[in-house]
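Look at the two complexes coming up: chain A is in both, with chain B in one and chain C in the other.
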Partner chain A sequence: MEILIQLIFSGIALGMIYAVIAFGYQLTFATSATLNFGQGEALMLGALVGLSFAGNVLGGPYLNFWMMIPLVMVFGALQGALVEFIGVRPAIKIKSEFGWIMSTIALAIIFKNVAENIWGKDDLKFPSPVSEAPLHFLGANVLPMEIIIVVGALAMMLAVEIFNRKSIYGKAVVATSNDRDAAGLMGINTRLVITFSYALSSMTAAFAGVLIAPVTLTGATMGSVLGLKAFAVAIIGGLTSGIGVIVGGLILGIAETTTGFYISTGYKDVPGLVLLLLVLAVKPAGLFGKTAIKKV
Partner chain B sequence: MLTIENLHAGYDKTEVLHGISIDVPKGKVVTLIGSNGAGKTTTMRAVSGMIRPRSGRVTLGGKEITGQDSFRIARAGLAHSPEGRRVFPTLSVADNIRLGAFPRYTRSRKRGDIDADLDKAMEMFPRLIERRDQLAGTLSGGEQQMLAIARALMLNPEVVLLDEPSMGLAPILVEEVFNIIRRLKGEGITMLLVEQFAAAALDVADYGYVLENGRIAVHGSADKLKNDPAVRAAYLGGSH
Partner chain C sequence: MKLTLKVAGFAVAAALSAMAFAAEPIRIGVSGPFTGGSSPMGVSMRDGVKLAAKEINAKGGVLGRQIELIERDDEAKNERGVQVAQELINKEKVVATVGYINSGVSLASQRFYQEAKIPVMNNVSTATVITQQFKDQPDNYIFRSSANDAIQCGMIVKEVIDKRKYTKVAILADSTNYGQLGREDLEKALDAKGIKAVAVEKYNIKDVDMTPQLLKAKEAGAQVVITYGIGPELAQIANGMVKLGWKVPMMGSWTLSMGNFIDNAGPNAEGALMPQTFIQEANTPKRKAFIEAYQKAYKVDRIPSPVSAAQGYDSVYLLAAGIKQAGSTDGPKIKDALENLKEPVEGVVTVYNQPFSKTDHEAITANIPVIGMVKGGRVVYAYDEDKKTGSEVRTKATKAAPAAKAAKAVPAVMEKAK
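On to the complex of A and B.
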């Protein structure tokens, strides 16, 4: 029983990371019906840039962990805007339905290669900003960093939700998601809104990168699998549902840690992908996805 | 206020408008009538930047706006309540109305008192008051139409384009919409109105243009058109 609780705790931390990356997929999907398939690489770059500020890989540390986070978020936002500008905007302009898929994948590969050349191919250790001694809770061990992951991920998603609901700019983003042409008629620069959603999406991923880096290994290849699994989470939860990605992330995270222990670590990726196939077969809009209300 | 000169526009390979010219003087209501497929909505879309005209010239208050992005044209002061209403279904009624004032919030248009205008819009459309916090997607068609007009007015526009405001509405609501248009006219708001209820449109308008197959067939004062035998036969016969 204690082992199960332990596995659930670890699964929650992992699941929240999936959720926050999946949330990033939703942000761009909402405004432009496109996805940044380089979300995993945005996370990886965030982690490595963060490590360069707060770790000793490039002559540092220059800053402590907490001071580094805002800089990493700015970096993530710029990186996301660049992806949109180079890879997505031209495809949207010519109304290409699939052009953005190849271009975001291509940019992801380029980012990975660049990272390998700057930071090397080996995994690096990211110094933990908090004690690495586990806390005991319900008979299980919880790393303080895992608590920070859960709180940080929730705070990030909540902040975006509040922005969307309360500020006129956030409402402009929602309007663009609802109906791009009509949003343009309101004087909203919808191209800028789409760029902004990419910036926000990569910022979220970069933030997730520095959250997860201290409990895992940091390196150029860390993002690919995370990005893919978060994509599965976005499909499982539904590309339009905020609560869906949290539930989807937790389901996948816990499924992986329990499978890893009770069956075999070799199979830990299987349950999530089986779930993905099931959802696609039974409820393609995702567990929480809903069809929009449209009156004609 | 709004002048359209020799406008050509269309979709992909099909040209819908073959060079039309319309003048909407300040403070006047101009209506564009014509059968389905004549190009009325295409005209509206080409003027407000939803589609790019192929050639011709559109000016707003003397400034050229031809082919600009719709958000720039809106910021220049042209409000467009589009065909099909196009309210934002997942936002509340109040937020929909506020977004009509987006360029005022961002100060790309003179800000003024947005909250006072919001209250004024609510007062003009009392049906919206009790729906204020309801999602726009849950409104009836008539309420959505009121909302679309209220939202357009929040821009404090120089010109309002109203595309088929009566489409799909019950007769009593059609009358309500026309009463509102009459009231807006009384307030001196410049409007270009596209309508299928030609007789009602000509009653409220100062000038009318009849669009046939992408060309202006007849134009003149609303009274002149109402008494034009050809217009009567084609557009006013069975519609009222």
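On to the complex of A and C.
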């Protein structure tokens, strides 16, 4: 039983990492039906910028971990806006169905190369802001940082949801995601809303980056595998649902750790991907997604 | 008069062309991962190679020609390694290639050299099959100056089973060729002692969570964890063990000496054990000179991967000795010369006295490496007796007696080389 609890704890921590990246996919998809395939790179840049402030890679530390987070979030927002401006806006303008796919992938590769040139190609250690000694809880061990990841990710998603539901600006976002043309006719600057959603999406990714960096390693290639797994999570959970990505992330995370233990560590990625195929076959909009009706 | 002028003209022309020929550098390829998780090994190897080439060039080169290195990043990817091999052979027209860190890349790439009859001096990759890939062919162009997995696994098993008397071991290996071929050798070596690992687990490069693997090892009652992987993931294993509050010794292949394992695991790396052909300790004049030259040239205190640097350095000297003895840059002639090196080659790892033969392309034998241990963020000798005898150069086992003599005769050889 203790083993199962330990596996579930580790799975939850892993799943929340996936969920918080997948949440970023969901934000931009809601407003513009486009995705930033560089979500993993946004996360990586956030982690490396954070490391530059709080670690000693570029002559620091200049700030402590908690003070650095707002700066990283600002950086993430700017980076996301840049991606939208360069990569996505031209594609939306000419109503290209696929242009944004190539351009966000291209930007992701560029960001990775820039990061390799600034921070080097090696994995770096991110100093943990809290103790690295595990806590004992229900007979299993949890790292304090893992608790911070789960709490931080949930808090951030909650904050974004509250913003969308309660504030006037958030309502503009919701209106744009419901019907972009109608929202435009109501006087909402939908183009700005889309830029804003990209900024928000990269901001969450950058925040996720600094949250997870102390338990994973930090480096130019840290985002690629995580970005891909998060994409699977977004599809399992549904690209239109905030709850969906959390559930999807937890399913994938726990599936990975428990399969690794009970079946074989060689197959630990299989159940998540089988689930992905099942979801696509049975409920293509995702477990919590709204089925889109496309009128032709 | 006319005739003499003509003859003189011919002579000048001949001399000029001879000079032009003499000035043409000997091109040697360097293939290794200079980016990614394997880069501490690749970069250290390359820097060791560059250091040796610089020294040789400063002394007038080989056959009166300078060595020119053509460096290519194979990114630790098999397909990239193949491209690099083809480029080095067909476009850059290299005389030989040194390098290869990743066993998978090495196995995928070296067939092109074998076909082109160009020697390869493998200086870091360790899979046992590497020098035996072309066993069935009349000539084998693949040589190696690193300790292969069979040697390392033998040492690991001796340490864990014979010396420390553990009976329950867990193996954690990554899913690359390196990890899986190493795991096979390890299981074979354990088998010979009548021991079966209680847990044999696998993980992928870039995995961020090792909980299931470690839990399985823990539940199976493992007394020691044996690893086969590279730095970043090894650090995740060490950190994961601390997270689970499970403390057993960690031992593994030589990669546990990588800088990115030691840095990323921090205090959790302390005490990890691994076989090493070279430990950054200035206990012979040659090693002292090498370490100081490396530190000065690359402005570091700790060499990112001392073993790779030393083996890379030695591989160039071995190859240069082969070219010198062959008196030619012709691949088959260099190969023949390497298989029958007449003069001992003094390297930092050991003194190579007839390191290769027609049937044996391994320069390192089981008696040469020592057990290293991570202590205070560096790799040191795990045992005091090894440290004390560290200055006595261990030479290849089969030629033990003459090699010892050769070690003493080295100053004379060095003089000759100058």
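Please note the rule applied: the second predicted complex is superposed on the first by the 286 of 296 C-alpha atoms of A that agree within 3 Å, B and C clash if a C-alpha of one lies under 4 Å from a C-alpha of the other, contacts with A are read in each partner's own complex, and residues count from 1 in each chain.
In this section, a contact is a pair of C-beta atoms (placed from the backbone, for glycine too) under 8 Å apart; a residue touches a chain by one contact, two chains touch by 3 or more.
What you see is a predicted model, and the numbers here were worked out from it, not measured in a lab.
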item: Contacts of A:190 with chain B and chain C, given as first, second, both or neither; value: first
item: More chain A residues in contact - chain B or chain C; value: C
item: Contacts of A:14 with chain B and chain C, given as first, second, both or neither; value: second
item: A:221 touches, of chain B and chain C: first, second, both or neither?; value: second
item: Chain B versus chain C as contact partner of A:178, first or second or both or neither; value: first
item: Residues of chain A contacting chain B in one complex and chain C in the other; value: none
item: Contact set on chain C toward chain A in their complex; value: 34-37, 39-40, 175, 201-204, 206, 208-209, 211-213, 215-216, 219, 231-232, 235-236, 239, 242-245, 260, 263-264, 266
item: Complex interface listing, chain B residues touching chain A; value: 48-50, 69-71, 74-75, 79-80, 82, 84, 86-91, 95, 98-100, 102-103, 105-106, 108-109, 135, 137-139, 141, 144, 151, 155, 168
item: List of chain A residues in touch with chain C within their complex; value: 3, 6-7, 10, 13-14, 17, 116, 121-125, 132-134, 136, 141, 143, 212, 215-217, 219, 221-222, 224-226, 256-261, 264-266, 268-269
item: Chain A - residues contacting chain B, complex; value: 168, 171-172, 174-175, 177-179, 181-190, 292-296
